[in-house]
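Have a look at the structure that comes next, please.
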């Protein structure tokens, strides 16, 4: 790969923007060509119209802020739980064979399966939606943290011990930083899953939110609004990931992240 | 008591157990090191010299035998025994500066004192321009210099080195060997150096302990009477050649 | 490097082909989903998008009693949980005909979809509201300021509009929450909401749990909905004979329903999964008759006005619903059933 100079980065960004522009232009042309039922497959220009309509009466802002709140809270809670559990099951044998195995069993149950139950247990408050997002986030974060905590290079532990570290110092100086690259990977997956489970979460008794808007637009045959919601979700997830990578590069420069 | 025994290894036996199979790496290994002696453990690959070193470092428990530092048994890793690994084991999340400072920081010294010591070793190991670099930005030779600096800065009583230059190219190796000799010359410390390279043992050690194949024990002890300070040109002299012949013979 | 690219692209194509192979027969459907053109299926095998509701009982009977077979049609039902989804299936060519209450149909036409009603198979007042007396709701006006759930786009949503109007309330007087009917039942029982508007049997279920703690507001007289059989106009134009055969089967089933109450209930139980208790409770909300009435047109008109006024739709002008009704088939078979002006 060529050197990451500023000129190269600028070129890369330009190419990316070009790719997106090309994608939307192609979509516009295909939609308008009449190959497909225009009502079921509207072009980006129509979706832009839906956006303006939705933005004008404040609906868009309210939906996006509600969704971001749920994604944010769910991600934070899920991450904290996932990291703590991962450190426990990764380093302590007893936890690995008890909680660890339970988690392995639970992680195969997708969030969407819980939607009806979430209402029964937690009602229609934010709690039920955040629970679903947490459910989606916790497992990738847990399993990656677990991997990282379980595979700590023994030599680092030896090195730090022979520099005079006691148990606590060894954890702080070696265990935690050693697990960090894996946690970074896990969190990145968690972000993506937070957005993915958001839609499932907002099916469960929500009254605003992007996922809610998608499903309620379906009820009134507004395919343009459905696609607006979908594109918005995609863009939010896209930028959330970019922001995350940037933050990691700045705060943990020794970790490889692309 | 200049000739007091710093480190005593007696009848060391180390056995690895894995999947119901056991492997005796070291059996009946005995030797002693005096204070400030540069001791080389020389042997072929797999003879158990790394295992022995790890036991001395306190990372492995022997099945039999004992290891005494200043007369006291070793029970685990301690800052009194410093170690330099073949693959450096630098903390990738710490800069060069922070790696070297690691041991000192845990001791709770004042930041001023710590930085003074670190700066000193940065200079000695010729790393002054790289203090803010991370290990993944350094060459192998530089990383090993950081590893040595890290151990030295912590001021242990004895230093263990496990084939520290084994993964470096010939030129870098020579440079580092000479650097090590210079440093050791100036800050005399008890050093136990493990290698499979005969030339390296001849260049560096005061005494060369030749080990047998697995399970390892000392086959022969050869005193290295080549004069100090030593430089690489020494390897072309006659005494060097004679000593080398003796060593090779003992390895057969 | 080029090698790798070659293998990756090759692998992708192989995966795509494998995928198409697995879809197999349904590949023809996939084409329809993508290309949205008229149905290519032979009129012999017809797919009916069937919602789990009591509106289409006549159609259930026609299937189970073989009335379609008698007309030379092989009708295969595809079950959906709601009329809305059944309508989707028709619009995407996954079914040749489906049935739904008139409200989703109205919304679909409003958004410019070219679908038509060939007949209605029942009239009913399945839309109702249920509220918790212990949250202070005894009469309609008490809904003011309360948390009320509804599902946009449905007939009960339209009923709510009429109900509020009749009782001098505005939507802004309530805290309106959008939910699916199954969730409404749970939420009401839990007390997360105070009332909701939905359709049977979701009212029945809540009533069963809450008993005297609840009060029901019926829609009879205020709003009577119709269960409509819907097709794509293109299919109707290409297959007028098939439409007639379907209508004939409906009429025969209507007679059967009138004469065989017990058997009809059994069939309804089978198709909807509702227990006898629920069925007995709500069967009388429905009148089963094959018709195309002027009331239907007027109802569709009124509902579209509501949809456009409340800003739900972005349609510029109101469609003429007379064009959304296909009278030819029913008129030819039994003209007294068609009362569209």
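So that you can tell them apart, the chains are marked A, B and C in the order they are listed, and the count of residues begins at 1 in each.
Going forward, a contact is a pair of C-beta atoms (placed from the backbone, for glycine too) under 8 Å apart; a residue touches a chain by one contact, two chains touch by 3 or more.
This structure is a prediction, so every number in the text was calculated from the model and none was measured.
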item: Greatest separation from chain A - chain, by CA centre; value: B
item: Chain ID, smallest distance between chain and overall C-alpha centroids; value: A
item: Distance from chain B to chain A - Cα centre to Cα centre, in angstrom; value: 48
item: Approximate Å spacing (C-alpha centroids) for the pair chain B, chain C; value: 82
item: Where chain A and chain C are represented by their mean Cα positions, the distance between them in whole Å; value: 36
item: Complex contact set, residues of chain C against chain A; value: 34-36, 84, 91-92, 104, 107-108, 110-113, 151-154, 176-180, 182-183, 186-187, 190, 192-193, 307, 311-314
item: Touching residues (chain side chain A, partner chain B) in the complex; value: 153, 155-156, 158-165, 169, 173-174, 177-178, 180, 252-255
item: Chain C-facing residues of chain A, complex; value: 35-37, 39-41, 50, 53, 57, 116, 119-120, 123-125, 203-207, 212, 216, 218-223
item: Chain B - residues contacting chain A, complex; value: 54, 57-59, 76-79, 81-83, 85, 87, 89, 91-94, 102-103, 106-107, 134-136, 150, 154, 156
